[in-house]
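Take a look at the structure set out below.
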Amino acid sequence: MRRNKAAIFGLAIMAIFLGLAIFAPVIAPYSPDEISSAGASPPSWQHLFGTDDLGRDVLSRSLYGARISLSVGAVAVVIALLLGTLAGAVAGYYGGWVDGSIMRAVDVMFAFPSIFLILAIQAMLTPNIYNVMFVIGLTSWMGVARLVRGEFLRIRQLQYVEAARAIGCGDLRIIFRHMLPNAQGPIIVAATLGMAGAILTESALSFLGMGVQPPMSSWGNMLMDSQAYMRDAPWMSIIPGLLIMVTVLSLYFIGEGVRETLSPKERHAGS
Amino acid sequence: MRKFVLNRLLQIIPLLLGISLLSFLVTRLAPGDPTALFIDPNIDPLELARVRANWGLDQPIFIQYLVWLKNALLLDFGRSYTTGLPVITEIGERLPMTLLLMISSFILTLLITIPVGVISAVKKNSWFDNLFTFISFAGMAIPTFWLGLMLMLVFSVKLHWLPAVGNLALPLITMTIGSLAGLTRYQRGAMLEVLNQEYIRVARAKGLPERVVIFKHALRNALLPTITILGLSLPDLFGGAFVIETIFAWPGMGRLGVQAIFQRNYPTIMGIVMLSAILIIVGNLLADIAYAIVDPRIRYEKK
Amino acid sequence: MAIAMDFDQEGILRSSLNGEVSILNPVLSTDNISSAVEGAIFNGLITFNEKLEVIPELAASWQASKDGKTWTFNLRRDVFWHDGRPFTSEDVVFTYNAILNPKVNSVRRSDYIINGQPIKFKALDKYTVQAVLPVPFAPFLVRMGMGIVPKHLLGGKDLNTASFNRRPVGTGPFIFKEWTSGDHVTVVRNPKYFLGAPKLAGIKYKMIADDNSQLVALEADEIDEAGIPPKDYERMKKKAGIKVYDYDVLLYIYLGFNLANPKFADLRVRQALAYATDKKQLVDLIFKGLASPASAPTAPISWAYNSNVPKYEYNPERAKKLLKEAGVNSLEFTILVNQGNKEREKAAVILQQQYKKVGVNVKVRVMEWSALLKIVNAPKDPKEFEAVIMGWSLGLDPDAYSIWHSSQYPAGFNFVKYSNKKVDRLLDQGRLTTDKNERKKIYAKIWQEIAADQPYIFLWYPKALTGIRDRVGGLSKPGPAGLFVHLEKVFIRNAQVRP
């Protein structure tokens, strides 16, 4: 049961971060873009997390960055889930050539090194926050599709689905009312991992200068900007680095907790 | 089984066509062109138009695609705009370096993953399990470029143990830490699942020694997801390593590809995408076949 | 004076490159990374000294005819290709004709075409080359630094695809040895070099694209030479074993306005923005003061520099007043900046805050370089941008026709649509005048006109900061030409005499 403690801890952290992100304009002591000729200064009472190379308050930027990073993660994962679940459900439910062609499309997408696809699409769309969300979502739905399809292939053999079909339920009803709820465990797990992945992907994109663009701050681009200052102003990189790590860890723990709670096999294993 | 393999092989053709068309369109629709990079007040824009025409870029895009396709069928992927080398040669120079890094990382990962995953599953919720759960999650949660730079600062600048650039050690460690986590989790999860299966209980009930149960019966089946994940992580071979390659100045495919995209070096982009697509498809196919061999329950001719 | 034993005969310079070498053929290469390596392998007819003055290299001397149209170059007779064959006038004519060949993908072709007519190159005898220009052209001589390639290896071959481009043979101080794609290029001493055998046994150029990694490699004693980011300047200066050099380069960075856009049509608006620009803050925050505020489209180290131009010192009150006079109540525009260039990104962010103080709202849009150039270079009127931060690296000749002449719009590099009859006339005149002092006066007038019009706000002149390990000696005086002007004189100190 220790895992569930970790999951609750993760949930608590995410709730706090979410709250901080939502109330950033109220909490932030400074404007996140306000520069000062003083340049980078270490943490002090005026600036709890110090200031960055342009003299901007790192705390305020982190708070506003939370809004950006969390929403990039959330929106990207929602896009990926919608696409993935839809594709996977249809493929798994109908099987046959429908399954075949959808899975081949998944293969096509998988066959692209995702970073190339992201870069090419980013180049086409010019990088801004919406496109970052869209592109990450668009290139990460395939895992979900495979997973949901797998679940569906399994579930559709189960008696209650056969029963539902026997009493004449429509396809859509069977998919959405009977099958999808039974596949939600893995989907939730995939969602938490996906969100964690999206936050990391945004930071990797920032490394290439293709992530969320300045002056908007995301944890990813803060971390990227800080890498040149790792020795002179370590607080610039430690803060966003920790924020990303803690967030991603929390999401993993939540996912792990959900996995263990929902998986019936694990449940009787634990007892 | 033979029918299944044959069927899958046939599917490769439309798959590759689809991939080539999609990537051709995506790269050409991105604004900019390869000569745009030569900005210099001394260069007459007419000269750029001339170079573009020499490369055939003044043709309609579908003609360009057909020309590319025709040559590609003859295994001629054209010449890189920046180096003038045949794309095949250009990729061939980089591939061994990428493979070296990837394969050593795969091996190192497996060497750590399998025992750790098994022990974690068998001794579920022990301190060992919890410690490695935390370590592997932490490894997954650190952005790669940050981890890489930290390792470099510690091992090259402070301790002088390992060279910062052009050496296998640091990129290998960085990459392995990144991929360790995922695989360990999968291995542990799969192992747990298998250990709860009826036939394992039966084996145990029969009084087989625990070692035999775990290594002979359970691990064999629990390797399945690991195989799948390995197959699935093949695309990273080409793109995923670019951050590591850039930081540690490792001359692999990731850097070549990312640079080609920024430079709009179309022939090189297409070459890399096609090559990686082929390798990935073959990789998936092999993983599926391996799956079928290990797990006879999977049947392929469903309908 | 250095005697033979003062340096390590086997010493190899571990140089570093900020990206990948793409092609080692001066006719075809377009990036300065490849050019850096080509500099060790090839020679031009002329070259430049530390002060950027033209000095002889493969040409021992030259004369121009009275009308300035015919130039005769007398070549050195003691030069050999790395494969042992003698270098002759045939090679020179071959090289320039290759550049002029439309089938060869050389973007340098327009350097040798004047008013639509190519320069004619002729070999008068084995060691004499003649160039005939359609009209006198002041920037001609400085363009004769192009690396010469061997006819006997490339004649009759398709230059674009020749295997030579990967295994080059030149006349320079170093002989090409090996090239590992994306990793390094090695060159070794040319014992028969016509200016004397180099003191280095060779140079290994390591390709390290990431700036931080380059710095770390320098600190870890894996390379001898690397660029230093301004913020690390002080720290590196204190570091034992490394000496840091700073010097000016021929480059300026600017904020350019699209004058075809009504927002910027009024001179007072541009002046107001100029007054609202705190260049000192830019330079302090981005470069820790290791750059200087700019005020004209030239650089202080150019011989045609003139500081007597309108300066628009920081004065936000004046800016507000001018905006009011121009009847501008609310001004909002977008600055484009290319991604990957942290300095310009930061500049955009700082300018945004500075302009906010005078009530001007700026949006920053970061774009991929190629996509940005597409917008700026597309030959249409009007172009789809409002303002852009870019930089011009200046040639050795002050000629700036392609940037400021009104004929260079919409196709050409006058993408801001600057149009000033007086400047047009002066630019034409500057090209035709050969007397240096006369030209200096002409360009001084051009800079004044342009600075007054503020089609660009000139932001800063960057500095080059280079860190070199102490074991390296024989560097040239720091200057815009770099520290390795005389590559054959660079050496590695013997271990025992290292400081």
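Labels for the chains are A, B and C, by order of writing; each one numbers its residues from 1.
We adopt the following convention: contacts are C-beta pairs under 8 Å (C-beta built on N, C-alpha and C of every residue); 3 or more make two chains touch, one makes a residue touch a chain.
This is a predicted model, so every value here is computed, not measured.
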(request) Could you tell me which pair, A-B or A-C, is linked by more C-beta pairs in contact? (result) A-B
(request) Would you identify the chain whose Cα-based centre sits farthest away from the centre of subunit C? (result) A
(message) Averaging over Cα atoms per chain, report the distance between subunit B and subunit C in Å.
(response) 39
(message) Counting only Cα atoms for the centres, state how far subunit A is from subunit C in Å.
(response) 44
(request) Go ahead and note the Å separation of the Cα centroids belonging to subunit A and subunit B. (result) 21
(request) Mind pulling the residue numbers of subunit C that touch at least two other chains? (result) 212, 368, 370-371
(message) If a residue has to touch 2 or more other chains to count, which residues of subunit A qualify?
(response) 123, 208, 227, 230-231
(message) Which positions in subunit B are in touch with at least two other chains?
(response) 30-32, 149, 153, 246, 262
(request) In the complex, go through subunit B and note every residue touching subunit C. (result) 30-33, 35-48, 50-51, 54-55, 79, 82-85, 90, 93-94, 97, 149, 152-153, 156-157, 160, 163-166, 246-249, 251-252, 255-256, 259, 262-264
(request) Could you pull out which subunit C residues touch subunit B in their complex? (result) 20, 22-23, 28, 30-31, 102-103, 105, 107-111, 113, 160-162, 165-166, 180-184, 206-210, 212-213, 216-217, 219-220, 222, 368-371, 373-375, 377, 379, 392-393, 395, 400, 402-403, 411-413
(request) Would you mind writing out the residues of subunit A in touch with subunit B in their complex? (result) 2-3, 95-96, 100, 104, 107-108, 110-117, 119-121, 123-124, 143, 196, 200, 203-204, 207-208, 220, 223-224, 227, 230-231, 237, 241, 244-246, 248-249, 252-253, 256, 259, 265-266, 268-269
(message) Can you tell me which positions in subunit C touch subunit A when the two form their complex?
(response) 211-212, 229, 231-232, 235, 281, 284-285, 288, 339-340, 342, 345-346, 348-350, 352-353, 364-368, 370-371
(message) Going by the contact rule set out above, which residues of subunit A touch subunit C in the complex?
(response) 33-35, 37, 39, 53-55, 122-123, 126-128, 208-210, 213-215, 225, 227-232
